[in-house]
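I've put the structures underneath this note.
The two complexes that follow have subunit A in common; it is paired with subunit B in the first and with subunit C in the second.
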Partner chain A sequence: MAASNSSRLFKAGRSILGGLSNNSVGASRPSYDMTCMDFVSQQQRAFIQMRTNLKVVDNSGAKRVMCIQALKGRKGARLGDTIIASVKEANMGGKVKKGEVHYAVVVRAAMQRARCDGSEVQFDDNAVVLINKQGEPIGTRVFGPVPHELRRKKHIKILSLAEHMA
Partner chain B sequence: MASNVLLQAPFMVPRAPKTLAFSAAVSRHPSAAALISTSCSRKLSLPKLSKSRSFVVRAEANAEVEVEDSAEAEVTQIVVASEEKSPRKPRIKLGDIMGILNKKAIEAADTERPTPDLRTGDVVEIKLSENKRRLSVYKGIVMSKQNAGIHTTIRIRRIIAGVGVEIVFPVYSPNIKEIKVLQHRKVRRARLYYLRDKLPRLSTFK
Partner chain C sequence: MRLEKCWFCSSTVYPGHGIQYVRNDAKIFRFCRSKCHKNFKMKRNPRKVKWTKAYRRLHGKDMTQDATFEFERKRNRPERYDRNVTENTLKAIKKIDKVRVDREARHHANRMKGKKVQLRREAAKELEQSIHMVKAPVVLLQDPSLTLPKIKVQVSQQQTEDNRMEE
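Let's turn to the complex of A and B:
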């Protein structure tokens, strides 16, 4: 969603610049502006920090969650880290209600995470799975792909529930 | 007398490599310093490695051995005539070193596993071995290729279980067991970042 927003901005900017260039004479100016815009809209994916909205991909009842604390890392949480999150939107009759505070583990992050063999992995969205203090997931199903990084972090239960492992 | 022995030594080397033992014995006889005999034997021992091929030993500090068909030895110093060598090797400049190292590393990786020619827009299948047991398979379209010598990487995109996943693979990694190009899609770009905004249908591969 964020990706399409930023690219829409870019497209809108381009059309405005296109209009300007039609009026102005210089042909070199549009190309210079284009490179500036390119640099700005070139997806700078960032850490998951306070106030980050994330999607919930288990059947615990919550739909959207806001991060209120990244437990490890000064700059924020990454793929595989645990966060403390507050439920902002929840299904009726689920295990969790709106306004509750839970631990959660990040299973998909838009920011790339490096692996020890030199490869990097990134997803299209940010998603979490709610867990309790002991690290066990509250829900019973996990949707979407999960990365191998969870194995190192000892979230074997989530890996076993997952549909697909990336 | 010592100088006489020294003079004899270079001439002994090229003429009769087979009778080395004999000449060494001969050189030990005179009561000259053991230093000379050791120097002679040292010079004689190097040609032994050649296995019936005449050598000319370059009397420099590092004592490199050059293979020569015609033996030419000066009196005071054993020098390799550089004019007889085939074209002189060009000096390796500082700026070329990384290029040469990268090329060597790529050649070494190629002998283990041949890498096909990859271009942006190829739909490839990569077999990766993790934990020495399982062989995980990754399929997808090559979004970009970053050339950096041995760390040349390709970015593969695919929709897995409804979510787009992009993975960057180092092409010459020993963990990659196989790269296979399945098909090729005509693209007019070098980097296909526009696929992130397009419909998931365009990034789905069975």
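Let's turn to the complex of A and C:
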């Protein structure tokens, strides 16, 4: 239920973005068939770009975060990339407050990413873990599965904190 | 390298093929091609989709229990590389495949056993019941050469008596 609601929000957000900025960072979005959206319960796959809402899956205090810049990647961030994000929703008494700007690394992306053996992985939602400038996570726990791709990007600490590795 | 099974159709996924979808509860679904992936997204139950192995096993169309399936069980302990073992395994794989295919063919033949007889019986019945669609019965009575062709049925005392009674 929550997933379908959030996916509807994302779709609405993307259409607004499409109307506002034609030549912005995420101009060329991969085109997916809009007609099959009725019964496809999973999220539409797209890059993580400016104004993308993401879920925070550590215990740093933030709940939702909005991407304000995707470092690396013309079209946007993918699984394993770092982004700069602004905290939109936070828990009371957490390490981060609403309105703060932090670096974050994408640990789950609904867009499939190729693996070195040729197959592709995709997750159920878009999720990040907040990190500091040096790449160390702010929180002390990570929830949900994380991909192997983080090992190459040298986010070993996040991998060690994770409960499942996909 | 590991050969996985597609979650939807149970065919093998070779390296370089397919998509794996990781759900938030860390359950991994592997699909061999986008057909299976799309069916999964449509929330179809593979046990109800006719062309999947799950359906065929459930409805008795394919073998369910066999000793040859034990060889394909998932093993999580890596084996130390031994050249002889590898050679023997490769030979064994070929043999086991042959045995399995033979057993499946036998299972299929068993399943289709009474088909020929049933078809014959149905054809005979249709012939006597629906001959009026081909030629009018009046014409059949008038012209004796237009009698029904002789049908070779399974010889049993009862049936030959019935035929004699009809004529």
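Simple rule for what comes next: the second predicted complex is superposed on the first by the 123 of 166 C-alpha atoms of A that agree within 3 Å, B and C clash if a C-alpha of one lies under 4 Å from a C-alpha of the other, contacts with A are read in each partner's own complex, and residues count from 1 in each chain.
By our rule, contacts are C-beta pairs under 8 Å (C-beta built on N, C-alpha and C of every residue); 3 or more make two chains touch, one makes a residue touch a chain.
The shown structure was predicted, so the numbers you read here are calculated from the model rather than taken from an experiment.
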Side-by-side fit of subunit B and subunit C on subunit A, or clash: clash
Partner chain(s) touched by A:121 [first = subunit B, second = subunit C, both, neither]: both
Which superposed partner A:148 touches (first subunit B, second subunit C, both, neither): first
Subunit B versus subunit C as contact partner of A:71, first or second or both or neither: neither
Which superposed partner A:112 touches (first subunit B, second subunit C, both, neither): both
Touched partner set for A:164, first subunit B, second subunit C, both or neither: both
Partner chain(s) touched by A:46 [first = subunit B, second = subunit C, both, neither]: neither
First, second, both or neither for A:156, with subunit B first and subunit C second: neither
When the two complexes are fitted on chain A, the stretch of subunit C hitting subunit B, from 38-46, 56-64 or 92-100: 38-46
Contact residues common to both interfaces of subunit A (with subunit B and with subunit C): 108, 112, 117-125, 144-145, 163-164, 166
Residue ranges of subunit B touching subunit A (in the complex, touch as defined): 128, 130, 136, 151, 153, 160-170, 173, 175, 193, 196-197
Of all residues in subunit A, those that touch subunit C in their complex: 39-42, 108, 112, 117-125, 144-145, 147, 163-164, 166
Sites on subunit C touched by subunit A in the complex: 1, 13, 15-24, 26, 28, 41-43
Residues of subunit A touching subunit B in the complex: 3-4, 7, 43, 108, 112, 117-125, 127, 143-145, 148, 163-166
